[in-house]
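One structure is given here, and the rest of the page talks about it.
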Amino acid sequence: SGWRVWRDEDVRKTLPKPTGNTHKGTFGTNLLIAGSDEMPGSAALAAIGALRFGTGKLTIATTKHASTIIGPLAPEATFSFDVKSAGIADQYLSVAIGPGLNPDDELETFIKDLLDQPVAIILDAGALSQRKYNDRQAPVIITPHPGEFSRLTGKRSVEIQKNRISFASQYAVENGLMVVLKGKYTVIAYPDGTGVINLTGNRALSKGGTGDTLTGMLLASIGTHQSIKAAVANAVFIHGACANDWVKENGDQALSAHDFDRLLPKICRHYSS
Amino acid sequence: SGWRVWRDEDVRKTLPKPTGNTHKGTFGTNLLIAGSDEMPGSAALAAIGALRFGTGKLTIATTKHASTIIGPLAPEATFSFDVKSAGIADQYLSVAIGPGLNPDDELETFIKDLLDQPVAIILDAGALSQRKYNDRQAPVIITPHPGEFSRLTGKRSVEIQKNRISFASQYAVENGLMVVLKGKYTVIAYPDGTGVINLTGNRALSKGGTGDTLTGMLLASIGTHQSIKAAVANAVFIHGACANDWVKENGDQALSAHDFDRLLPKICRHYSS
Amino acid sequence: SGWRVWRDEDVRKTLPKPTGNTHKGTFGTNLLIAGSDEMPGSAALAAIGALRFGTGKLTIATTKHASTIIGPLAPEATFSFDVKSAGIADQYLSVAIGPGLNPDDELETFIKDLLDQPVAIILDAGALSQRKYNDRQAPVIITPHPGEFSRLTGKRSVEIQKNRISFASQYAVENGLMVVLKGKYTVIAYPDGTGVINLTGNRALSKGGTGDTLTGMLLASIGTHQSIKAAVANAVFIHGACANDWVKENGDQALSAHDFDRLLPKICRHYSS
Amino acid sequence: SGWRVWRDEDVRKTLPKPTGNTHKGTFGTNLLIAGSDEMPGSAALAAIGALRFGTGKLTIATTKHASTIIGPLAPEATFSFDVKSAGIADQYLSVAIGPGLNPDDELETFIKDLLDQPVAIILDAGALSQRKYNDRQAPVIITPHPGEFSRLTGKRSVEIQKNRISFASQYAVENGLMVVLKGKYTVIAYPDGTGVINLTGNRALSKGGTGDTLTGMLLASIGTHQSIKAAVANAVFIHGACANDWVKENGDQALSAHDFDRLLPKICRHYSS
């Protein structure tokens, strides 16, 4: 049926192993549009995900206030306090938008403009809404949890949870995008009707902020992998693998998303070698 | 007499071991009202306690200035800079209020309004005052140290220290709430006249800020336990157990409350497995 | 001659080993007046020293801007943005003043007022100036490095370095205070003409900020020791011992003063047991 | 030809091993002009490099907003929010300028003024532009990556990469300065036509921010070494050696420049003993 479990050996095979004369440009200049005065940390957590999963250069479009909270946690990032949609595709390889943003008309217009540009886009959290995805060449990835997917599809969460694969796949095919339907056994549906299921992760991830980190990892991933399908699946897999490593020595109620700052380096190494 | 020591095996038996299809909503959306321009860290320390002890989602009502200090330490939390009491019970499972707040009429009015709502409430520090607790169904937990309990009861600290169990129990029964009378051998009095005594902890905890962390742990705890009695006792027990772990390798004068960020994951694991 | 080296066994004998029913009040409520917009970190480094060396409660009088930098590093402290000298002795056990402050007339007046109050005072950095110390009962401790001592005494640094013990002792006796003349082999001169020499420490300490941490340690120390002489000597000794521990595994050019946050807990333990 | 590889034994031989009566002044008072509201972290990363590689005292000229992000990461530094070029040579041993700065006329004028003063200058990032270096005695070090060197020389990056040694050397000799041409196998060209090649480092460094840390290390280095040639080569070598240490246990996509805060102490020790 074109669906299968994404496994250890898939990750090892597809994780990029760059050699030769690399420089930061090799690994993509990415834009993260995230964080607000009242939700500043989400941008920091996404930045941690991006920086620890291989982004070359990261710009964060956010508020000045939020930058005082993001900066100490992700000093490698630079900020844009007045981002315009125009020209984003010229400056950035990929864009992730949504963590810590409130959905409103202004944001919707911004996203519409962005979708008209030839740039890979990841839509999460506040950027998830019911909208039309007109024909685009550049990839779109959406990362809803069941509650958010319910808002997108009009279906009830319980319904969704019973039909995770079929609903995700249907939405992906119909809209020509990738759906990362999060939660226990995250389902990744590709626009061609195929997809993979992820088995890593555990209840330690059931806490605010972990999804933001995944969004950052996805942003980095699609800039460094050859295959975008593998890029998405590997980010989800490694994200869960970090949580599996965490619970070996730590209580599963005790994970904070910023622990990925320490977990990712080791787990990346594990699957790279 | 319905009083006993809360022991290792009690903790192991009652600490939640969630299985199945958890998501962040499973572990409660909690509100922490804490921190001010001059006492910002108290909110950060409470947030650390909440996040490391299993809260699902945490909102912190505080000042914008305080958020610049809380944010880097607890990026998983979101902020509310203009919290209103109205509707809190609809949005949050439990509320903790007091660390880093100055008691004044405005705060008192806010708490009165809150007490009229069907939501679990933890009152600490600046939120501790002499007041009437009209008949409520939802639990109230107060967490005074002997000095604060003296202010509440009008009794002198030395008197209180000589009669910790009876005074705490009397206040709990009369007011229909739970009293966590802190200090060496913390006493936990339930409104039904029963109670438990905690033996963990040591003088390393005798430093500003450790109580704030306990308040955050209590907030998380009552959202994840089946029994609220056990929820309170376990938070107190684990809090002290962290300090006991600390002194194995570190001077007892040297603990800072933010060390709970590192201590809790390991100690939670110890009592969960 | 009443002068001797302060040794391992002196530290072990005199470091406080509190037992019984301690609470944060047992270990002193201390005031640190330090830090400015342009020198905010010095207050954070002093706060780390105080909190890790046993202070019970710490208030930092500083600027609001500085608090955004101090707060994430020392969330256990509270702030005062508009400190007045009046009444300080009623609220605080001891006061340290100077790190990150610019000497000016306003500061001088403040210190004069403070010196009229019955409270232990530590004067460092910007608070070191030529002034008269009228008869006071409460202790005064000054912590100049040779350059600062030169400014106080009008003697040249090279002169001072040749006569560290005699100059420090003379100044201590004449002014009725304790002189901590810093640098390699710190000299501690008591007002009664006796004194001790410290042998711990190394060139890793030769970097901006380490002196600020010592000031914080002294603040904590005099609130927890029985003998103020030992309190001062132990702070200096342990400060240097941390640096000696550091160089076992780290380059001596690489110490940052905020490393004391990790070094102090272990070294305190070493000398307490 | 006066060119050779800079090796382990060169580092061990030339890394400073100060003894005797050191104090912070022994290791230089340095000025870092870096960071802006939108690029605050670059200054923090440079400060980490300077503080961990042995600077005695560090002042950072930056914006007040940027200081809220730099401060928590480098509390040992002090700030100047309104730096003037006049008198810098009197106050500082060396100056590094550029990380996180936007090149504009004002900056260019500032640098021109600075170049007229007898003080060692490191130019990086925003401070790199085509300009004349009139006869100076005090050293100038420029640290371009190939893209920046292309801007300086008008040559295309591909051209540069094919002729790294000859182009760097030519520019160094013609302008009477040192060129640190960064990237895989960094080339260090001295103004006398000689130079060294560095073999340490790996693709983990190919991420925004690592160059800023190197700039800070260079600032510290020229204040502590006897030979400025060795000072520059050692900073580059140790910088790369940190990355080589990193990849032993961590994924090469996962390094963040602020990891140098932990890597440098150990690696400095390795080459000092």
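By letter and in written order, the chains are A, B, C and D; residue numbering begins at 1 in each of them.
We take it that contacts are C-beta pairs under 8 Å (C-beta built on N, C-alpha and C of every residue); 3 or more make two chains touch, one makes a residue touch a chain.
Quantities reported herein were computed from a predicted structural model and do not represent experimental measurements.
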Neighbouring chains shared between chain A and chain D, ordered by label: none
- prompt: Where chain A and chain B touch, do the two copies share over half of their residue numbers, giving same, or under half, giving different?
  reply: different
Rotation, 0 to 180 degrees and nearest 5, that superposes chain C on copy chain D via CA atoms: 90
Message: Report the inter-centroid distance (CA atoms only) between chain B and chain C in whole Å.
response: 34
Statement: Whole-Å distance, C-alpha centre of chain B to that of chain D, is 49
- line: chain D touches at least 2 other chains through residues 68, 72
Query: If each protein chain is taken as a node and each touching pair as an edge, is the resulting graph a line, ring, star, complete or other?
result: ring
Task: Using the touch rule from the top, collect the residues of chain A that touch chain B in their complex.
output: 37-42, 44-45, 65, 68-69, 72-73, 100, 145-147, 161, 183-184, 203, 206-210, 246-247, 249-258
Field: chain B-facing residues of chain C, complex
entry: 16, 18-19, 21-27, 51-58, 64, 67-68, 71-72, 74-81, 220, 224, 261, 264-269, 271-272
